[in-house]
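Worksheet: one structure, shown below.
Every chain is named by a letter (A, B, C and D) in the order it is written, and numbering of its residues begins at 1.
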Amino acid sequence: MQIDQNKIDGYNSQSLRKHERALAFLQGEIPHAAEIISQLGEFQIAIPSWALGTGGTRFGRFPAGGEPRNLEEKIEDIGLLHRLNRASGAISLHIPWDIPEDPAHIRAVAAAHGLKFDAMNSNTFQDQPGQAHSYKFGSLQNVSRDIRQQAIEHNIEVIRHGIALGSESLTVWLSDGSCFPGQLSFRKAFENTLEGLSEIYAELPDNWKMFVEYKAFEPNFYSTTVGDWGQSLLYASKLGPKAYTLVDLGHHLPNANIEQIVALLLMEGKLGGFHFNDSKYGDDDLTVGSIKPYQLFLIFCELVDGMNARGMKHATDLGWMIDASHNVKDPLEDLLQSVEAIQIAYAQALLVDRKALTAAQERNDVVAAQEILQQAYRTDVRPMVAEARLRAGGALEPLSVYRGEQVRAGLIRRRGLVTIATGL
Amino acid sequence: MQIDQNKIDGYNSQSLRKHERALAFLQGEIPHAAEIISQLGEFQIAIPSWALGTGGTRFGRFPAGGEPRNLEEKIEDIGLLHRLNRASGAISLHIPWDIPEDPAHIRAVAAAHGLKFDAMNSNTFQDQPGQAHSYKFGSLQNVSRDIRQQAIEHNIEVIRHGIALGSESLTVWLSDGSCFPGQLSFRKAFENTLEGLSEIYAELPDNWKMFVEYKAFEPNFYSTTVGDWGQSLLYASKLGPKAYTLVDLGHHLPNANIEQIVALLLMEGKLGGFHFNDSKYGDDDLTVGSIKPYQLFLIFCELVDGMNARGMKHATDLGWMIDASHNVKDPLEDLLQSVEAIQIAYAQALLVDRKALTAAQERNDVVAAQEILQQAYRTDVRPMVAEARLRAGGALEPLSVYRGEQVRAGLIRRRGLVTIATGL
Amino acid sequence: MQIDQNKIDGYNSQSLRKHERALAFLQGEIPHAAEIISQLGEFQIAIPSWALGTGGTRFGRFPAGGEPRNLEEKIEDIGLLHRLNRASGAISLHIPWDIPEDPAHIRAVAAAHGLKFDAMNSNTFQDQPGQAHSYKFGSLQNVSRDIRQQAIEHNIEVIRHGIALGSESLTVWLSDGSCFPGQLSFRKAFENTLEGLSEIYAELPDNWKMFVEYKAFEPNFYSTTVGDWGQSLLYASKLGPKAYTLVDLGHHLPNANIEQIVALLLMEGKLGGFHFNDSKYGDDDLTVGSIKPYQLFLIFCELVDGMNARGMKHATDLGWMIDASHNVKDPLEDLLQSVEAIQIAYAQALLVDRKALTAAQERNDVVAAQEILQQAYRTDVRPMVAEARLRAGGALEPLSVYRGEQVRAGLIRRRGLVTIATGL
Amino acid sequence: MQIDQNKIDGYNSQSLRKHERALAFLQGEIPHAAEIISQLGEFQIAIPSWALGTGGTRFGRFPAGGEPRNLEEKIEDIGLLHRLNRASGAISLHIPWDIPEDPAHIRAVAAAHGLKFDAMNSNTFQDQPGQAHSYKFGSLQNVSRDIRQQAIEHNIEVIRHGIALGSESLTVWLSDGSCFPGQLSFRKAFENTLEGLSEIYAELPDNWKMFVEYKAFEPNFYSTTVGDWGQSLLYASKLGPKAYTLVDLGHHLPNANIEQIVALLLMEGKLGGFHFNDSKYGDDDLTVGSIKPYQLFLIFCELVDGMNARGMKHATDLGWMIDASHNVKDPLEDLLQSVEAIQIAYAQALLVDRKALTAAQERNDVVAAQEILQQAYRTDVRPMVAEARLRAGGALEPLSVYRGEQVRAGLIRRRGLVTIATGL
């Protein structure tokens, strides 16, 4: 299902005057608005293929209907998002949920929608039908060499799929860990995992990166074998220069200072990618910016500052991805909200007067430092985000177009009410 | 599948000498050991019908095989546990997972295993096939009168099933809540829920109790409509004398002092039931006593003291139940471990020198108060627990018998490897 | 130390054009901007007398200089804040730190600064020189009748001081609790505390309110005798219609949903007062809005909605107070930031399209509900806040005037560098 | 104040028969009891000089009386503890609270009590009278080179004092961090801190170790510059082979798996020291084993296993220290309880059947693994701990002797009621 450019232009023309008034006001306030708009235009966030269907919890799942039934339809859905916001120009695949039987065809479908292939994701946290060994007690950490080998080979297979599609990175999230004290030897689990990661690392093409994702808990509820940034960094450091840490916002203990973690990983040259979502309790996988938007802004402040300090390009030198679940919202609407929240936080971070901030820090002027950050955060930057979309051919108000065009109803008509996309 | 009493006796005779030596030592240390053993003998913990199969998380499920395929087999499994530990003499059913088509037959099956029917559990957190309305946005809290009515009627139906089986209580756990700020009006959600609970309450037989269970989060990740003990107590107080609060150990925010909550609810005459499990992060549903055994002991100290203060009978005046999930353990082994952990904590609490404790409290002797508690906690009370089992005809070492008799292998032979019991 | 109105007008004239441009833009966006500005103008936040000095932790304290040396100077400092922001028109006293030896004089001093006397605060968490009994093991909870009586009499004395000054409420924050399991009987502690509160309650004048503040932990680290909103509500309900719960933002367990607590307390007619601050870990007492501004907004949404539902006047029917500590900031600058953050959140909450929100809730349109809230939150409402100040005679930019006039330097000149105000 | 050996022997003779009965029972259960008793006898825990007085919180302090007035009296107090439990044979000093004006004399005093000098502790979290620069905004992280230099020199001075006393390690705990977003550059703070630590490191004698302690929060409430084990390990790795991480049990975010951290640090060869205490909410500094004794046991399981794997000597190859605060207990009684709790956990860990545990892990037998751990944990090992004391000349029941001899009353008589020891 597609939305014609004419349609989008039509919606835009309706809200253009209001938009231009707001933008003009903002441009009067912000001397370098044009530069921010330009940077926003370049910033793309990958959409994971599994975020296009209704998510669930262990207690149940309430499907919404019209979910994509195959990889082509997933690409189509992201294409639709990208057409509306011009900021979702990449897809992140999950194997085995998205095995591309005909890579050339899939590449062509994606290209037709203007989409690139972001990080490939492996899955050793579930057993697949016909699988020789079970991951019940972990994959790369497993005491059994056979099981570890199976997990290694799966990851190498994922790399191969990625190469065929033009991806350049592999995200390894292991749910490995334990539910009870005594269940495993932390040390052996670490050593086995490192050994397995090393064998996978050895298969990476030269231009690839490996992202080692960490998570504090769930689905294991006593320990996790890649449990925090410190452990991930240990693995990444021992693996080599192509290995990096991946930060998922929901994967921390309560009250963790994520922005500091981001700053330190960038300092070490070991931050590789980012999974956006929001949460109140754990890995709640809620819409980005729906619970703690100020934290998101502070994280972007560190990202911008840390990347600038290393001469990294914001748009391309980290892997940006949404990783959320959509239990009570239309997944596509949720993603539109998430992308906008990310863009807003990014724009606010670009707005920070860093020179003044550094000066305030140098004189320990805590009050001024807070004023400088909040001056940026309290500014309503939405007109700049909308302008960036407009200039790229997208919609001033993506959600309004999505609803105006009754996209979900159309998808249900085409795909049926009871389709269920792969995912959690 | 059953284990002959002869078999159990045979195992017992093997470890009897060792047991008697340990018991004799303990009896020399504890003047009122006989009384504690007697109280242990009366104490029964209900097993929920859904805890007999392998649990899972939203990320996956790794079945163990041999799981009960129907209600009769669930009763059979609990009968087996009870035969081993003589402390699992009740079953708690969940509707619609355990609808008793022929109540008289089911009662007879349970009676044959020496089991009673504990609290009935309703389910409005999942949609059932053919259900008219969805609980996607809650049940009793729902903005739709029709959906609320459906949930009310379901609960009333559960009461009817319970009456037919001889149960005398209804546990209402609502997953109602919200995932995002703004999603619902907290006030209207409370009012709707109260109204619905009142209509259910009106259908309770005179000798029944209603347990209003609370939970801080999951599966809703922003708010829960019965979110903490304060909210549950508000509902229970407004409903009337048959309504009580139910405490599940895993349903609290981090660091909550659960023993104080227990003490206050008992003080108010509003503690009705208890769901045992253990956890590190959230509602992890781990084996009782596997993570925080000292907390379990402290809770039992408050239970014993608070029930004594109100003249309540430990064994019968609260609803005792395990509510756990078994992701990496054989469910029956897990339950044996859980029941023993509960018995140990109960025995330790009975061992506390309450007179000395009160005296220490009266003189603010904090050091002595701790010594008194830890004197009880550090004592190895297992011989008394084993003796209580022995006297009731159970096994000195239930787990050894279970393993020695290769019960799981037998269950798999009879029921198959891929059976999946209803549950989470 | 005072700042002449002429001075303030002078600063205002410098930034007036920029302000008017921003306000005009906002008025074009918000039809009822005038009403919001008017409501902002009425809203006053009390400043606690102990927040005027540098705070500290158990590890140390780093005084800033120029702190008020007595009650008159504290009033003077708040008068200065109020002159700048016209929103700090009340002072909340703490006994024994602020005993007014000559109440008539103190009333006159306050009146000269346009200040009222908000809630009186008692102190039974510290021992004062010459005090007969120690509060080491609690005050109202204490096992000793004599100590409880001393605490009761102290509170009654605080009421008398409050009557003399024209205050109409008493805030009782008890640090009572325990540091170790076994230290106290939760039940007896509750009963003693209730009895003591009842005796204090009996001395309240007819037009007075009593606020029962709760706190999860610190300075006691195992249990607190008024530990959460549920306990506070139990006390307040048993005490009678003049007793209310007071919510301090920093007094919760990790991840607590404070906005829901606020909504339920308002529903029950038992929310009495509010202590603003911000925190990441515990009772961190940081500047309001510096860590979780979105949570602050959500709380204000519930306050506005809940008060409207009961026909309460926002400005006067709850006790609004800042309760923070200022370890690394100039206390007066911190308070200016805090008041502004409160006003911003209040303005955003007033901006919420409640009719549309209710409609979205009625149709379970979670996406729209979030859009409605965030439309208000993302709006830059600062020009309305500034306009409210301007109309009341305050400063467009209070902090700029404060710094421009070098107030702190002036205070140090007058009062000295090593003065230390009473407080934590 | 001293307790004669005769006195101790007298007490011992009274409880000897009961002890021997319990020990005999235990020896019948545990084949290698003798070895455990021997290991217990070698294990010594250092007492920090600041733990001998009553602690406090920012809300107040309630002194107990008889606190040591100088370093000699601190040594005397620890000597008394050591005489009772024969397991507190070391003292850890804090500079500037314990500057040894005459090192030779202080060494002699300590030697007379059988005490060694454990790690030296520096203090850059408070300002001392006459100090040139303030640590209000941090010490080694500070933006000012002068302030950093002052902190560096202080640490070097602490090393010098340590050399004079025969200590061989320096513990650096920095409270450095920030209270507000924007206050500091995380990266520059890290770099400054690393630079400062390097300069201190360069002054370490060859046989010395430097312990880099981490802490999640407090007294800074937004970020800490050595905030978690990952950061500490980064510093220690960059510093060199004499730098290690120090783990304090209370310095973590809620729900952290400390035992896993311990295992990984040992695996990396970078665990240097340990601060024992217990807590429910934060750095509560409660008596060891008073809140989470099972966690303490699990940590000791990792310590024993990890040290064995590296061929480390339990008694000497890590720095063992108590770091607690005593707000409501007699400090010396608290320390006696803490040492015993540590010994119990250590004995239980030694009791674990590690061969069986490894075998269970190798077959993923989670149930058996738990049984093996809990078999050790549930055993009442106190008779072995008491026996170790007895053999070394200590008291079977140290607390009973302490109370029987009315030590606190004696200390108050000698030192006065209002003495206040240095510390928090």
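The rule is short, and it goes like this: contacts are C-beta pairs under 8 Å (C-beta built on N, C-alpha and C of every residue); 3 or more make two chains touch, one makes a residue touch a chain.
Because the structure is predicted, anything quoted here is derived from the model rather than measured.
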Higher C-beta contact count, B-C or B-D?
B-C
Compute the distance, rounded to whole Å, between the mean C-alpha positions of chain B and chain C.
43
Distance-wise, how many Å sit between the C-alpha centres of chain B and chain D, to the nearest whole number?
39
Send over the residues of chain B in touch with two or more other chains.
136-137, 178-181, 183, 216-217, 222, 254-255, 257, 280-281, 287, 290-291, 294, 328-329, 364, 366, 370
Touch-based graph of the chains, sorted into line, ring, star, complete or other:
complete
Provide the residue numbers of chain A that touch chain D in the complex, in ascending order.
136-137, 143, 178-188, 190-191, 216-217, 222-223, 227-231, 233-234, 253-257, 259-260, 263-264, 266-268, 298, 301-302, 305-306, 309, 357-358, 360-364, 366, 369-370, 372-373
Touching chain D in the complex: which residues of chain B?
21-22, 25, 28-29, 254-255, 257, 280-281, 287, 289-294, 328-330, 333-334, 337, 344, 364, 366-367, 370-371, 374, 377-380, 382, 399
Touching residues (chain side chain D, partner chain C) in the complex
55-60, 62, 125-127, 134-137, 175, 178-181, 183, 216-219, 221-222, 254, 279-282, 284, 286-287, 290-291, 327-329, 424
